[in-house]
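Note sheet for the following structure.
Here the chain labels run A, B, C and D in written order, and each chain numbers its own residues starting at 1.
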Amino acid sequence: MGVFDIAFLVAALTIAAPILLAATGELISQRAGVMNVGLEGVLLAGAFAGYLTMTRVDSQPLGFLGGIAGGLLLAALMAVLAIEVKVDQIVAGIAIGVLGLGLTTFFDQHFVPEPQTFTPLPRLAVPLLSDLPVVGEVLFHQDLFIYATIVVVVLVGLAMYRTTWGINLAATGESPVAADAAGVSIRGVRWAAVLVSGACAGAAGAYISIGDVGVFREDMTGGRGYLAIAAVLFGAWRLRGLLLAVAIFAVTDAIQLRLQSIASVPGEVWAAAALLVLGALVAARHRQPRRAPKPAELIGAVLLAGLVALAVVRPQLSLPASLWLAMPYVLALVALAAGGAARHRAPSGLTLPYIRSEA
Amino acid sequence: GCGSGDEAAGTAAAGESSTINIGFLAPAPRNDGGFTQYALAGVQAAVDADPKLKLTSIVDNASESQEQIEGLQSLAAKNKVVVADGAVLNKAVAVVAPKYPDTHFVLIASDLEALADNVSSVTVAVGLNAMVAGAVASNESKSKKIGMIAGPEVPSSTAWYYGMAQGAKIENPQTQVAQAYTNDYNDVGKAKQAAEAMIANGVDQILSDLDSGSEGIYQAADGKAGTGVYNVFALHCDENKNIIGSGIVNWSDVLKTAVTEAAAGKLASGAISFGLKSGALSFQFCPGKGTDEQKALAEKITKDISDGTVTPGDGVLLPKPSYAFEQR
Amino acid sequence: MKALAVRVLTQLGVAAATLLFAALLLLAIGVSPGEAASAFWSGTFGSPTNAGTTLTQAVPLFLVALGWIIADKAGRMHVGFPGQVVIGGCAAAAVGLQCDGVPTVVAIVACALAGIAGGALWAGIVAWLWASRGVLEIISSLLLNLVAVQMLAWLVRGPLQGSLDQQPQSANFPASALWPAVESVPGRTLSYDVILLPILAAGLIWLFSRTVFGFELRASGGNLDAARWSGINPVRAGVSAIVISGGFAGLAGAALLFAGSAPWLSEGFEAGIGFNGIAVALLARNSPVGAILTAIVFSSLNVGGTSLQALLDVPSSLTSVLQGAVIVLVLVAAMLLRRRRAARPAVPVTPASTGKELVSSAKEA
Amino acid sequence: MTTDPGSGSALRLSGITKRFGAFTANDRIDLDIAWGEVHALLGENGAGKTTLMRIVTGLYQPDEGTMSLDGTPVSFRRPEQALRAGIGMVHQHFTLVPTLTELENLAMAPAGVPWRNGRAAARRRAAEVEAATGLRIAPDRLVSDASVGERQRLEIVKLLCRGARLLIFDEPSAALSPGEWDELAKLMRRLAAEGHAVVLISHKLSEVFAVADRWTVLRGGAVAGTGDIAGSTPEQLVTLMVGESLAPRRERAPAAPGEPALVVRELNVERHPDGPQALEDVDLDVRAGEIVGIAGVAGSGQAELVETVLGIRPALSGSVELAGRRLERRTPAGFYAAGGALIPEDRHHVAVIGGMTLGENINLRALRQAPLARRGRIDLRAARQRAVRLAAEYEVRATGESQPMARLSGGNQQKAVLARELSTEPLLVIAVQPVRGLDVRATEFVYRRLTEHRDRGGAVLLISMDLDEVIALSDRIAVLAHGRIRGVLDAGEATRARIGALMTSSEVTA
């Protein structure tokens, strides 16, 4: 019924997939201590390289490989700057972002003056599983990229939490001195991490262009790179947190696209928001049960009352598009503020170049 | 060399040679597959038709006011005619034009009041086209829900929306009209998701007021049989089988006419609006699309608007300036 | 002497590399590098008019850079400048639009204050989340940037939209609210706010070195725990630093609107100033004086890029490629310089040999 | 040609020179370390001990000189190569990752096969090491939750797991309680007996004479002498280190206690929400003109006591009075304003600001009020003069007051902290482990300063895990165990045995 149906979940998953893959790569890179604020540029490089490959050889697998290569190229530049030359990572990232946009636009105008269109990835139904109710339609009737993303995320999870490499990665980002003393090659781990992030962003970019829609437009990534970075930070550098963050972003984005085309906000949206606020309040209480209510909680309670009222009254109300567009970020902020931050610690080595003699 | 280039550039506008230089500035990319691309094609057509005309430079992606002003100034310094391709450039032109009285500015799609003497504002009444498209879409729709998807929320898009709504109501008062903005002309994926969301809400006829993003709408339509798609600007029938037709805004012709006249010094200053009569606007079906009933409907509404039987409602025509329009 | 020579040589090397790269790119699209150079020069410094534009546009970049420097000195790495510029600009615009008929001095001060207040308020959210909820400032500021963009989109289509046309733009600001420009520069492109460059740079240096407040900021940034243990309130220092830096960004927003040649509010007026300002500060190695220079370099890249497009039909994409390449090369050069310097200790450590000597500078006293 | 391990030379350095720019940290050093011995490396702060060992472990490359292991020439470009060859070092600042568990820290290793999971193998090796040496770790505990002693144990296990045969300890006792040190000393002897070689860097000659077989003294980066422990005296080594013999410690005048300076009543402090309390009903008096020592093993509540008095940590109940005034809303600023001063234990983290200059660190507190600052403005000239004067008075060795603090050696950083805290003429000085990591001469200096402060009528609260230090300096000693004061002894009656008995006793004595 209404807004929250199966198609909605499918849409959310499609929105989530490329952000998730790019964010997973960025997570690895940041866990190793390298933050690439130019991720948007890497995504674009992947999107364009994939498209360029498709214009030359019309093959999806090669297109994706091309996209990965494009992502790797910019990531390698980032790695040289951050790991070898040891420049400030934030400026390096800004440069990567500018270069990504500039180079892809420039090459697009030069190598592919006439825009071309390709068939996007087909949706494949997994036999049997796709017949399951709800889950089947949402999870097992998707395109190959989404399956691959799920596989990659699971693999990355295993690698991060179940292998020596994962330990080395965490150590490199947290305390390069300790990792170095244990014989872990800081350069090696960081290069690998940055390149993996480049490959992920490249593939995600290729999905945005050739995988999802089969075309390339300059600056077509529309800020997904920033969302991916925000997801890594918001997820407190954990894979689980990252999944939650991407889920919030994707679901709110899917909702806002829905709501825009409905004249008035349906009651169930107010009800869902009220449930969210209620959940946050209960969680805050649960953590410290005996304590006077704080101003934030009072505000929350008032908000809750208001939302419940809206859900009951269901007024004819439409909100400006910008409000919906801002919703994922506002929600993320509220969640951060409510969730407290003791658990919220960046890897101590993040953005710091490692110079051994200072050890 | 210190500043030697500057003097040369400064006097180029008043250059003696018989060639007439033309500059072009747009806030969007030049190959956006829509508004900018058609306008540029029109300028090119004018240049090709007359060997004396020369398109010297194109500044595109000038998305920010300051940059637009600088771009216009640089162009004005060395061109006789400067095309400012987009309504958002209205204020920038208002700032620059008085400083370059020898250059003629052709401002596209805007209708701002009180422009300088060397500015012509050229516009078309897209909302009228939208009325026809809305009526046809409403007739085609099974669910009686039609929708429009646009990039950023700008006047020409809202005009499309209001026009569609009015046209649909004429055809069937029960038809509902939805609108959605992706806030980005180039984000194809977002356009696809927006269209899918609309389709999920029951909309089965979608008008794409996106340039480069239309591809996403085609693909969403592919996913659900019976979804019709409409374009603006031109017919793209070969791009997707679901395209029913397009409310054609013949920017290329408008631009060609305007630039040719401006180069010849014949384009009047002030606002010029191209309407249904001029041929700059029309609604056309793709080959094999459209029932006879729909074609008749389209013709009837076109005629009714032209002869005043139907008057455009609120928001359909862009706000009318208080001064006289040259209506073509 | 030798150090200076190395420095100069490295800088020349970078300049040469950048030029070579640019030349290759230009040749690739069939534009003569010589013509390009002269077009670039004429667009940026070739005439008083253009030089005025270049300098005026350096001001907002510089203000953001100062904001970064202040926050960074206090150890608070926030990247919320784009959002703060936007909100500061919106606040200033809201006030400026009401200033018709108000005396110029009052109007200017009111707009500047509104800009500062807007930016500071937006940064205040970051500061509050950091101080009382423990949210990392880099995260919250990144998210708030994205919110600010939507806020602007709504404002220019809603409360602040100009009445006559329905473009997402405000009406023009009344002339009395515009910041005065130097009359003798043709086109009045040089706004008087360029005097902010030396004044604020000097002021900031004074603040850091000569005031208790600046000292407490630096101490908190140097070692937050040590600062707290020695009786400084590092939370207050951090909050003030974030809020002040937001104020600078907000003022930058006001400067973009009221000192530029486009006196109205529109979407995208921020024009990447927020992030580029950070780059300006970092390339100047967080030196306020150095930031003046790098801000001018950055603004000339912007201005010169537009003139390259207009004069020689160089595509805008190439301009951004060039800008990216310049940042990369300058970074590399700065790093090479630092390496060379680090190889020689700046201060020779006195080895403890006799165990008798006191502080060497005690003799000077 | 390989010498037989267990008897002959393990590591031989010849002519090792290391320069940092113009400064020579190691000057043509020859050193010979044999299997089966504990070799003490001695020298003043900044003598070049750490630098030399960093060369041995591949962290630095020597500018000149050669190394050979078992008679074969070796050179290490990376620490990993040294580790492979069997050389491992327990650094002064531990090289552990606090956010990982102890097991994960063991499993951290150069990845040959990236998808291998080293945890199981690490667990097995840790068990083997435990069987061989008795060293036990808590595999699933986060390192950040482990105490300093536990971390050090983990470092040693880490090296043994990796097969280190030559183990280097850089000032291992600096952070250990006496009990932990005794354990470590036993372990070193056992390792040596098993045929390992052990290098011990230490400033405490008592430790050196307790465990070492041979010694080498560095002075100004060069070898000043080497020899066997048997047949050497501490005075002889001190003279070699310092270049002259130290004046004997002066007799202390008896204390003349006056008004109470610090009065703590019924103080209760929480550690973890559901664990035992860090402090329980603590009563404590420190009077003007006396030094009160607090004895106790690490983790007995010393840190919480300091933090609570300073105002960093909230108390559940109880009161703190300073100079007769009750500190109500406790903040560090309030503590200092009431006449307090503090030499913290954790110098790196809470006492010095490495990125600021020596002068700014010395003036860290004085700079923010009159006379150095008026109406928020700083008198830079006066500040500079004050810093230079104090640096000279406290014998801080540096190139000038504008030298970055991080570039000072540890001992000189400590003296700067001392200068800062004592120069404000405080009523009460809380000194926590004030000589940690300092060489003998600097240690004497600190003791003298604290005693002088007492003699001038100041109060000192000395907190240390070194019982000898507490006994030697204090006029009264309070014994703290498990968050409770177990008893207060006068200097005359305090002996190691009595204090030890109080620490382990469960009931409160008067």
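Following the convention adopted for this analysis, a contact is a pair of C-beta atoms (placed from the backbone, for glycine too) under 8 Å apart; a residue touches a chain by one contact, two chains touch by 3 or more.
If you're wondering where the values come from, they're calculated on a predicted model, not measured in any experiment.
Contact with chain B and chain D alike is made by A, C.
Just to note, of B-C and A-B, the chains joined by more C-beta pairs in contact are B-C.
Look at the CA centroids: the one farthest from the centroid of chain D belongs to B. Chain centres here are Cα means. That of chain A falls 35 Å from that of chain B. Centre-to-centre spacing of chain A and chain C amounts to 29 Å, using the average Cα coordinate of each chain.
Inter-chain centre distance (chain A to chain D, centres taken as mean C-alpha positions): 45 Å. Each of residues 61, 153, 183 in chain B touches at least two other chains. Residue positions of chain C touching 2 or more other chains: 153, 157, 315-317.
The set of touching chain pairs reads A-B, A-C, A-D, B-C, C-D, using the touch definition from the header. Interface residues of chain C facing chain B in the complex, by the touch rule stated above, are 35, 38-39, 41-43, 45-47, 50, 53, 57, 153, 157, 164-169, 172, 187, 256, 260-262, 264, 266-271, 302-303, 306-307, 309-313, 315-317.
Chain A meets chain C in the complex at residues 37, 77, 81, 85-88, 90-92, 94-99, 101-106, 108-110, 218, 223, 226, 229-230, 233-234, 320-323, 325-326, 329-330, 332-333, 336-337, 340-342, 344, 346. Chain C meets chain D in the complex at residues 209-213, 215-216, 218-219, 222-223, 225-233, 343-345, 347-355, 357-362, 364-365. By the touch rule above, chain C contacts chain A in their complex via residues 29, 79, 129, 133-136, 138-140, 142-144, 146-147, 150-151, 153-154, 157-158, 275-276, 278-279, 282-283, 315-325, 327-328, 331-332, 334-336.
For chain D in complex with chain A, the touching residues are 59-60, 78-80, 83-84, 89, 91, 93-100, 104-105, 107-111, 114-118, 158.
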